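The same chain A turns up in both complexes below, where it pairs with chain B and then with chain C.
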Partner chain A sequence: MTEAAASSASLARAEARARARRRSWSWLVPTLYILFLMLPIYWLVNMSFKTTNEILGAFSLWPRNFTLQNYQRIFTDPVWYWGYFNSLIYVTINTVISVAVALPAAYAFSRYRFMGDKHLFFWLLTNRMAPPAIFVLPFIQLYSSVGLFDTHIAVAMAHLLFNIPLAVWILEGFMSGIPREIDETAYIDGYSFPRFFVRIFMPLVASGIGVAAFFCFMFSWVELLLAKSLTSVVARPIASVMTRTSSISGYELGQLAAAGVLTIIPGALVIWFVRNYIAKGFALGRV
Partner chain B sequence: MIELLNVTRIVDGETHIRDVSLRLEDGTLNVLLGPTLAGKTSLMRLMAGLDQPTSGAIRVNGQDVRRVPVQKRGVAMVYQQFINYPTLTVYENIASPLRVARMARATIDEEVRRTADLLQLGPMLERMPHELSGGQQQRVAIARAIVKKAGLVLLDEPLANLDYKLREELRAELPRIFAESGAIFVYATTEPTEALLLGGNTATMSEGRITQFGPTIDVFHRPADLLTARTFADPPLNTMPARKAGAGFELEGGAVVPAGALAAIADGNYTLGFRAHHLGLMPQLPGAVAVETTVEISEITGSESYIHVRHGGSRWVMLAPGVHNLDPGTAVTAYIDTRRILIFDTNGRALAHAPGLAA
Partner chain C sequence: MTRTQNNAAWFLVLPVLVLVAFNAIIPLMTVVNYAVQDSFGGNVFFFEGTRWFEAVLASDRFHQALGRQILFTFTILAIEIPLGVGIALCMPRRGIWVSVCLVLMALPLLIPWNVVGAIWNIFALPELGLLGRMLNGLGFDYNFTRGVGAAWFTMILMDVWHWTSLVVLLAYAGLISIPDAYYQAARIDGASKWAVFRYIQLPKMKRVLTIAVLLRFMDSFMIYTEVFVLTGGGPGNSTTMLSIDLVKLALGQFDLGTAAAMSIIYFLLILIFSWIFYTVMMRGESQQ
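Let's look at the complex of A and B:
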């Protein structure tokens, strides 16, 4: 039993203490991060269960008079719940068309060389840089003159303007990651192009299709300006319906909050389904 | 039988294949030998129909096939990279050409299992390709090529990405597997040793051209020109300039190689070539020519030594049996086995016989 043993023991103790100290603080940053991140969402949910009077009257961390009235109104009033249906309809149409059109386009960009292919690919991207506002007027005029104003397809088509380039861009990244030799092997094996594309190629880029569909869904779902301007009654999206809550007595804040909570749900559901693919999309640097 | 007639392929102003004419018979094994970028893959892609020649004709059994799409060519191809369908099981991967051909389910099952057993893939049929090792993945690709029973089987450096042991194994199996099929078998490789081990015929390639085509052993022993000899040599071919005067070739430094049967050829400048194992530290035979050289570096591989030496302006590699750890700068006397010397004229063409070499 010597000095060396004693000092090494004390050293080990010091190390253990240091480790404990480090461990004791490691939870802090993520907790704060999540806290700040969730606070506005909590506040929205909190508000949705309060009456407008309570929201305006007092500061309360949780509903004093818990009420489901806000939700009840949304689920019983056709104007409200049709707002959601309308949004979902045009978002779905838009996502389906975007992916269906982008698949062959992305394949062409990824596999073939043609005149101006690089310029065309870049030009697609610039479509995303243009603010939707500048397209509002031409779209309204154009759709009115061909009788498409206030239809779901009108909004869906307007959103294609920025969703197709995005989907092409994402899918091209995924497709270029697949060796061309797989295509050739399929042809050598005797596959015709359509059969190869559907049987062999699409399963290979399934995660890319998932990511592209997710982003088309998201962008179409949150886009307000075009959706609102191109509709009036029949195809009115939820975001537009929400502006209804202003009345002589001011905004019905509880109602708005409840509508807001319901708007988050579809996006959250979609994220849940494609969460594994999104990471892959980010890793490819295309999202 | 597949015939290529004066086939040229130019891509973006770059000539990938230059005026190639080649005729491959059914049931033969043909090796395309050449360094990287020699055009081996380009030539295979032309044979498969994946690319079209810029000019020239390709005929299969006398029929021009330039307008026939890949799907209808009846070829099979294995790439250097392990190419399988990642989303299909091993079973479905092997079955895929048969499924496309709409064969009966029972026949497909029988064929797939027979081929899988042949390549020792039996226990892995239900796995996905990415769950297999590299060698197994390549065996799946080879199985898919076999099961199709194509008339033309193209193997583009199929063993290059495999480890040594597997390569030896598969190399021994491949000719046997394909021999019974009666197909034309084309095998691209960068390694002269691999070509010699496979046998059959060899076409040496260099810069998009076929420099020589014939039985592998003939091409090795009697290269038609310097380019072929260089391509078909590992370690690299040793060369030296020589001047023919009267009955001998005078080397740099004064040594004379007797011209023997070639005494009648015109006097002038020639290039002599000889392989690493025809250069030794001891006179292998009476009549070996001694040259003074300086050691640059010696590499010992187990029981043999590669000794890099310099003689005047030439650098040679010597393959000497036994362990010789010579320090750089050491002066050694090297002996050239003159019976095996190859002689090329100034245009690089080989002269019929080396001096003293009877056959």
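Let's look at the complex of A and C:
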């Protein structure tokens, strides 16, 4: 008995020692990696605070003539700031629709067998796999013919193509982790399906909904080929404002850099809000 | 989990079905239409059969773009997957640093793709960029707008920068789901670090790693914006990937028949690869 206790104590000590030894160097790898990630971003931020003359004139690791002029122009010119609003509007519409329709579908896939379910699931995934480049021209024609060209709805709808399958996939993973008994108990207690789904089931998969919304936001926010092709003036996303400005008014690196920095901020905010979900969520869901 | 048979579940899937079908089936029909017909304008079309397909499959341009695409995709997979797993293994498991690491690492994933291209363009400029300046300072003749090697190096480094975090996040999620008891058992058995990795961590990460490979394969096979902003497909055609070539054909040259035929071949290629991945993944699932 004492021997066993002693050996388990020594085992615990060895464990602690091993952990301490590992901790002593293993932090270096993530640190170096994060440093590698941050360097180009630092360079972008650095450029955004320089004047065009300084950028083209001399190489420097930090801005010598610190200026906010690049940002000032973005915040005062409606073409620029509406680019951001347009992007945020279609991303929001897309995320809401994707999650709303994916919820019941994911429930169906996780709880029931029905005719053609496997084929349907695979067909949905194939749409996540389809290169947007294929769809550019047909989408322009399709959305022009229904009178939606150059609207936020057109871009939001086009992005549903890959975001709905993704949302279904993620939510299905989360829902499969919730025991069936909960559904059955609720039905015995006299809950109708819609009431059960909204009152009991959705709070249970809240973290899954968070993760799915995060991914929908992410892929809609970063996708540009379709967003650019489906808009011209009214709903023009920030990306296309960036390309047009740089091509018309010459080589304005500082301006481009400032616009780039501002596109990073919404993403950074969203990550900050879901940071606990990312850590836990990845393990529970399938993605 | 056992699932009950219920065909009424179709009603729950219906909204998804309608929305995705609207976006997927009508455009695909358009593509198929263009792929088998020709037009001299004025909405008059002639049936062409498989002529466009034969033209695409026989063209050097397509072969070269496909070759470049495959080389690119497998290079970045070979770098990103082991690197991502390695970094995930070294991540802290608990404490405040976990959140800090996750947030900072996820940052590149949420940067719009044209901005990723722009960031690397600015970062790698031979005279004005930090990377370009550093490499030239070290004695390399580095200019990604002129040298093919430099362009490929920059492109691959950019993709590693952009997407390795996805592999890290997935691998990390797999790692933290392993119960502590497994490690204790391994320690009692005196298992080496390699044995712990090979027989505990790797099998437990198998599912998330399959997803990582699948996502990275699909997304790198359709890469467009980042490379287009960085190099514009050049120098020459040396970084023209399949998507860039396709958009050039469809929107630049308005060569609709060839573009549509190429679209279908391109989509089928991805579909075949993805089907292979999917079956492998599902087989792994049923074993668990």
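We take it that the second predicted complex is superposed on the first by the 251 of 287 C-alpha atoms of A that agree within 3 Å, B and C clash if a C-alpha of one lies under 4 Å from a C-alpha of the other, contacts with A are read in each partner's own complex, and residues count from 1 in each chain.
The definition used in the following text is that a residue touches a chain if its C-beta (ideal position, glycine included) is under 8 Å from a C-beta of that chain, and two chains touch if they have at least 3 such contacts.
Everything quoted here is computed from the prediction, not taken from an experiment.
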Query: Looking at the combined model built on chain A, do chain B and chain C fit side by side or clash?
result: fit
Query: Is A:184 contacted by the first partner chain B, the second partner chain C, both or neither?
result: first
- prompt: Is A:234 in contact with chain B, with chain C, with both, or with neither (first, second, both, neither)?
  reply: neither
Message: Tell me which partner touches more residues of chain A in the superposed arrangement, chain B or chain C.
response: C
Query: Now for A:133: first (chain B), second (chain C), both, or neither, which partner does it touch?
result: second
Message: Taking the superposition on A as described, I'd like to know which of chain B and chain C A:272 touches: first, second, both or neither.
response: second
Query: Is A:204 touching the first partner chain B, the second partner chain C, both, or neither of them?
result: first
- request: Applying the touch criterion given at the start, work out whether A:192 contacts chain B, chain C, both or neither, answering first, second, both or neither.
  value: first
- prompt: Is A:79 touching the first partner chain B, the second partner chain C, both, or neither of them?
  reply: neither
Message: So if I take every C-alpha atom in chain B and every one in chain C after superposing, what is the smallest distance between them in Å?
response: 9
- prompt: Which chain A residues contact chain B in one complex and chain C in the other?
  reply: none
Field: Interfacial residue positions of chain B with respect to chain A in the complex
entry: 48, 50, 69-71, 73, 75-77, 79, 81, 83, 85-88, 96-97, 100-101, 141, 144, 148
- prompt: Which of the residues in chain A end up touching chain B in this complex?
  reply: 179, 181-182, 184-192, 195, 200, 203-204, 206
Message: Could you list, by residue number, the parts of chain C that touch chain A in their complex?
response: 1, 3-10, 12-13, 15-17, 19-20, 22-24, 26-28, 30-31, 86-87, 89-92, 97-99, 101-115, 118-120, 122-123, 127-131, 133, 161, 164-165, 168-170, 172-174, 176-177, 184, 187-188, 207-208, 211, 215, 218, 221-222, 224-225, 242-243, 246-247, 250-251, 256, 259, 263, 266-267, 270-271, 274-275, 278
Residues on chain A engaged by chain C in the complex (per definition of touch): 11, 14-15, 18, 26-30, 33-34, 36-41, 43-44, 47, 55-56, 59, 61, 97, 101-102, 104-105, 107-115, 117, 120, 122, 124-139, 141-142, 157-158, 160-161, 164-165, 168, 176, 180, 218, 221-225, 229, 238-239, 242-243, 253, 256-257, 260, 263-264, 266-268, 270-272, 275-276, 278-279, 281-283, 286-287
